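Below you will find the structure I want to go over with you.
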């Protein structure tokens, strides 16, 4: 089969999650999250994170992000993020729509990570009380980032400290949460609320889920308004048990980390072997399951002509994404095809 | 087990749909509906309805309704519906939110069905061009209605004719589409586009689905704007094949009708036997899988105390909903408990 | 001149207000309400109402109402009002737009006044915490009403008490504030905050202003969010002094009451004399400057053909509005024309 | 008096406009723009621009801009502008709010003017049809810019050509329209529709108006949706004649140009004389009525301490704005104070 590194959302559903769905498919269960499985999910996630959390399953990462932000930001609020943040570049204005028009304020940062200094500086000059400027309400970081880099715990803490000093909410877009967690090798609580994160878009779909990302709320004050925003957004499933089952299976016995570690290791190897080819170089450090490479345009054309699937960016950059259900043969094949394309 | 007639969304997922999910869980598939299964779904639904349709799976009926309306109505538009329409009473303002503030205009109608005469009259007096009045953009009917009544084909045609004359869009909220179709015993196209329906919220979840309602677009001009609204609403699943698989299995070989017919027959029996008890009367004709009864408040209290689950309304009214996975023992049990409660 | 009772917004500007504008037109003044005149306006209005208020001039009554409500209601909130409330029937969805989709909940009430009992009943059955229902956030009454009736102080107090018990905000649409105040003959504070009103749309335009209605905030917690909503709505004038000047002149030495009393007396006479004609009857009590009459349709046609200006409603009802700058000859003329039309 | 160069919106109202207001203050006039003065305004503006236009007076420049854009852009649309555009930096999210969440896409450009090449490049890479990207709907330029520079006719034409090729709407924010027009010395039509402008925020307030900016619509297809957006935004004055009178007086016999030319000449002198002082340099070319200077921070502090009013920016930059009602003594005074502050 021709290699397909288009994205991790082309993947299958992990069999454990399908099995979990089948297991809860017994008799009636209360709707809209009032069922016993949803209650169990909240308990298990609280244990998993080491603190009381409220979990709201949603259909997509875009919904998780934009509705999280709707609970954080006023219509006249400002939300800080890195230039390349998915919420700013790739969600079709969902954050603006759900917040009622809040402003995303893009900031710089090396390796596609928001610079805590840039954030602190922006907050210092935010002109609070000036009615025609967006009022600081939230900051959002993506962990792992859109370019596959991973914030260190100190970097997260620095963003968290700046947010706390400014009295704004700290959101983490964790579309690839498990991939980052695997890289850092720490407890989930360490990467989130212990570093100041108030609310988390907890990705599951890209790493084995079917249709169940989730919003994990650490800051309980956000849960109530969020619950209303979700319902009127049409994001509160009636048959919630099937989302709860997926999410519980996903964190059970570290499944999420096993899957992410595999995808990460495929990416590491893919990046290492391709970057060793003449004329190829890494365009970003490989720290999760994304590989960004700079290649001659002619080679990119040849790969595309050969049917290889990947995302192409301006300036001779390609993005390759590895998956929990990917294998080493696909890597071998890709390396061989790239070598041929470069010849 | 104590009877539970709380709603049809407490039901399980039909095994055929779980099987269909498992079957498509093979290898990578393009995301966001660009996969082969989604293409097949569009073909199968087009064949099913006897005309070219575009199908957009969504997470919930609320999303299906509100996003359909967002594609139909301008922010300063008006949307006509019956007083008791779910979009007006029970969706947390989703239609207002997604349309950017359009106005729902509730109208009367016997048996909880929008009166075509009331609609025509409202359209005649709509004050088009008057800038401070909502401008007619759409009409929405619920089939089957929130009270389990079913529009006849002539009634749908009359609404459709009024809509066409006025140049407005005709939306059908088909949360219980199959239940109504089973009652009418006609082809799905007969109940929809052949009677003027432009866009349909196609319910599957209440009748055996897991997480896949859908918007079925007959009027192709609505599909493009709708696709953008869906994406920014976070309602475009990345792993769309799993929604497509459910929806295809649902219509395959008339499954939806077999399931709905069973639920409807349970309701018919439940209504008939309970209404035969002294002190009980039907509060609405039983034409689908909903039974509305008027009982003495004391009897309602006793049933609730016994742990029976149902929805209670003001004025001694209870709503009982039957399910595709319900059985006759539950009916027997309910009749016995009610008889006891009345004693 | 042919009588023109189309509305009170066809009127001129009172010369005192033009004079006030000219007087403040001296040298530079800080923009956006940071000028000395705006400060003086806040002081004078605080003295006028007998409590500390914050005043925000706006361009129109629609802006005053919808932005007031935006400061009171959450996007998933509900706002109670009488069926015929201008915010519900005649503002093009402004409240829905500015609140981000809150729901107006129309309630009955005799003489076009919201019934405190109906409000209390609706609040009792509001299903707080149920995510798909609008959550009670505000109640709005119109004083004088859209049909020229006037709430008594006890009626306002009853609404205020219901609002306070329910913990919701009490808004008064005072497009014809002075007309009502003149009828009641009380202090402005008596008709507002002393009866529980939190925020007031203070009309000036219909009674002698040029372009300066205002939001008067009694409940200080609403002032800050409101100030942001106003700015991003493009409703914060840069040259605020000219609005402040109008508003100060309007309340100076009771000008607003003298003007309103004149308009009211014209309406009283108009209603009395027309209702005395055979075939004519009042359709609402005349308590401010609006007269609603029921006439034979043929007579209405004749008046319209004669060039008389008025608003025509369904069912043989006409609305006549008197103005601060109207005169008794116009009344005489109207009575004569109507007598002829009836002949 | 201590110099005040804070902004041009601290200015008075020109007496000719007050006189025009008084002149139309005679007898009743139809409301909401249906009066004879509003009709005359449309005729006079059509003659002034040399083409049929529709004019909508609004309360503020923010309203003019954001509502213009609401008529141009879909909720999922993108609006291109220069980084420093007022609509992006200084309107509190008004454009996002009124459009329902459209995305402002900031682009570079020398001298604070949008680069036509940057625009063309952005349009070329806009990813039309990709559902999670903003879809190109409009481009907006500010003439004169926020930094007092003025687009040449060829530059406007280049933006217009790029817009036309891409099928998007071309909006001009003309808060300082007359200042730019005076600099270019051309006909108003030359600077607008003949170069491709579809819709114009026509500033009057900063240059002698009281409360009447306006939207001038060249592309007639935008007028109808705009009229609804305006009404529900509470931006349609009932007593429209007073706005119409101001706007007609403003363009009558070239008044706007005489006033702007005076302000521009004050700015030219102010810039020239201050930039001649040691340690002072221009931070932007002076082409309208705005002067941007770089000064030592200590000197800026001294000027502020002396009570001089101006806007201070980061990096030792100050903004000085001259006014139609400013005088040469204020310039003399400022030059002397600056010389002293630098000493």
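We just call them A, B, C and D in the order they show up, numbering each chain from 1.
FYI, contacts are C-beta pairs under 8 Å (C-beta built on N, C-alpha and C of every residue); 3 or more make two chains touch, one makes a residue touch a chain.
Since the model is a prediction, treat every value here as computed from it, not as a measurement.
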Steps in the shortest chain-to-chain touch route ending at chain C and beginning at chain A: 1
Winner on C-beta contact pairs when B-C is weighed against C-D: C-D
Chain B and chain D, separation of their C-alpha mean positions in angstrom: 50
Centre-of-Cα separation between chain D and chain C, whole angstrom: 34
Gap in Å, rounded to a whole number, between the CA centres of chain C and chain B: 41
Overlap residues in chain C, where contacts from two or more other chains coincide: 32, 62, 75-76, 91-93, 97, 100-101, 131-132, 228, 231-232, 236
Chain C residues within the chain D interface of the complex: 1, 4, 6-7, 9-13, 18, 21-22, 25-32, 58-67, 91-94, 97, 205-206, 210-211, 228, 231-239, 242-243, 323
Chain D partner contacts - residues on chain B that touch it in the complex: 32, 74-76, 100-101, 131-132, 135, 225, 227-232, 236
Residues on chain A engaged by chain D in the complex (per definition of touch): 62, 75-76, 89-93, 96-97, 100-103, 125, 131-134, 314
